[in-house]
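Next up is a structure, given as structure tokens.
Order of writing sets the labels: A, B and C. Residues in every chain begin at 1.
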């Protein structure tokens, strides 16, 4: 009923009939969404974006680019100042926010595990809210622990007893426990050391291939975006600049995108080249 | 007759006055918690309420206790019985530490935890009951501890208006210039305050979240 | 979707202690109301000698004629404190004055008729506070205009009216309160058309007696039951125009006590009309002037009156 919509950034491709229940139906859709602070500062302007089922869309950008704001608009932690956000074709402002959030997995950088709950209780939180039976919850917790690569006896421990990496795994397990369709992740590996981050990224990628959830992932790290995203949405100063596949991103002529690539490639050569080369590159690269 | 002898001779009275004292402190602390914790939660969640709520509680603290007792004397129903006046005054004085600590405790909960909780679909009430209050509990409790210790001291003065408690020994002793009587009131009152501080402090520590 | 109520999701060990603590707290509070005083009578008194004396007399009467133990809570700070204590049930009886009860507690205007004042207080106390008034003990602790005994005998003076013509040559000494209160000196001067030589001197209550003795003043306003009256040979001029209100001493008792222990009420009632003004003066003097032990003084008195053996 909304007819054809031109999607900016999709290189001219258009979509017919939003109500179509094919795999092309967007699970998440932003329509002319803006978010303005009470003091008038615009964090997000004119956002139009669709996320299809099974995709991992990475919101890439610097701090202040509006990427976290966009993420929070999906599970209605923030309400848009203009426009609408649709989840499964339903305006998420017109629906029960609590049920909406319980159907979306949410992982944040600090993990935010409840310190006074055991790992088991933390992971089982949403299932419990949904009224699952105790034994089913218990079983699910064990499944989740296995899924994220943690020992089953961790279930009885408490967050302060775990390492940062372990806590993040628990965070992911918790987000997946009630088997949500959608997963929102806000720089989940940002606070971890490089080795752990690398490992978790690889594990997450494998996980995503198995589970095929619809994921919106926020990061400022191109490497992470390239690794995990099926599409990268580049954001800057509250505006969406482009939404392309990783390959297209690397070849993009957009100045901001190519700046990111430059910075990224500069890094890469240091790691793979000889030490002599690297020192030359160091002085040569801007 | 030395103090110990006096205490054992008048054991019944000492116990009775001590229990009266505890009653005054207990009821007023309970009321302060029932009123103060919700007010603290309110001002933590809606910062606009912060100033009037904390401001009023602060204002009450500035009124000298004896003056407050005096103000309340002519009030109908309240002023007719000294223990009602005392309980009201003690409750008012206990409000500030309870409200302030509830506010601080709830604001002090890790915002990441609150955000994660909200994002997962906890209602405001569930967030309060399952996350914020349990995590703020030991801070709230230390506010209650302060309230109790202050009340024990204040209840001693309440005897001046006839509310009873250990202060009665002190005032009678002063009128009779009888040191034993004065000490018979002062020492148990001091012990009560110390005991409450110590006991509640131990409890507070055991409520600390990991 | 049905929402499950989450009960025990607190950190197990800490939260488990909380109900226990709350229980102790509750027990402490409730136990403080539950103390039984079935076998004890608690007597209070105000913080001056005469009140203490009367309370001690009542206490010994009860001890002698009933099987009950008496607990003494003397020197309570004043009328209000005593009233609060008896209303709260913390004391069971204490000695009060009819005039004080009428003005300070019932907040009514006072008259000069003894019987009327007594009746009004008795009725109101019963109705409003469920307190029983015992019979008057016999003396009237009202204001007393005192002159030296030698002057009274020389001039053959018995009443205030008789003294009025001589008063113009006298110097008067009053306490601050008597001077200022409308029902003190101002009212007295009006009632008797009383004039003194010069303005009355205002002085500390304790200095009035020596000043009178030493001829610094010739007439002073004191209390009718002052211990120094017999000791220093002072004479109280009779208030024949009934200006001063009556302050008869009575026992105030909780109705419950009277019901549960009628023998207590009886024992106390035996003191009715047993103490004259003069006898009260002597009792006060024994304590204030001679510094004798109140218990002894009370026991002697009761023996002399044949109330105890």
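The working rule: contacts are C-beta pairs under 8 Å (C-beta built on N, C-alpha and C of every residue); 3 or more make two chains touch, one makes a residue touch a chain.
Fair warning: this is a prediction, and the values are worked out from it, not measured in the lab.
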**Asked** Which chain has its Cα centroid closest to the overall Cα centroid?
**Response** B
**Asked** Of all chains present, which has the mean Cα position farthest from that of subunit A?
**Response** C
**Item:** More contacts between chains, B-C or A-B
**Value:** B-C
**Asked** Could you state the distance in Å from the CA-based centre of subunit A to that of subunit C?
**Response** 84
**Fill in**
Here the gap between subunit A and subunit B, centre to centre from mean Cα coordinates and rounded to Å, is 49
**Message:** With centres defined as the mean C-alpha position, give me the subunit B-subunit C separation in Å.
**Reply:** 36
**Complete:** Listed in rising order, subunit B residues that touch 2 or more other chains are 126, 134, 209-210
**Request:** For subunit A, write out the residues touching at least two other chains, lowest number first.
**Result:** 99, 116, 129
**Complete:** Residues of subunit C that touch at least two other chains are 6, 9-11
**Message:** For the complex, give me every residue of subunit B touching subunit A.
**Reply:** 110, 112-123, 126, 131, 134-135, 209-210
**Request:** Within their complex, state which residues of subunit B touch subunit C.
**Result:** 12-13, 15-16, 19-20, 22-23, 26-27, 30, 80-83, 126, 129-130, 134, 137, 160-164, 168, 171-172, 175-176, 203, 206-210
**Fill in**
Counting only contacts in the complex, subunit C reaches subunit B at residues 6, 9-11, 13-15, 17-18, 21, 25, 28-29, 31-33, 35, 40, 47, 71, 73-77, 80-85, 87-88, 90
**Sites on subunit A touched by subunit B in the complex** = 75, 77, 98-104, 106, 108-116, 125-126, 129, 158, 160, 171, 174-175, 184
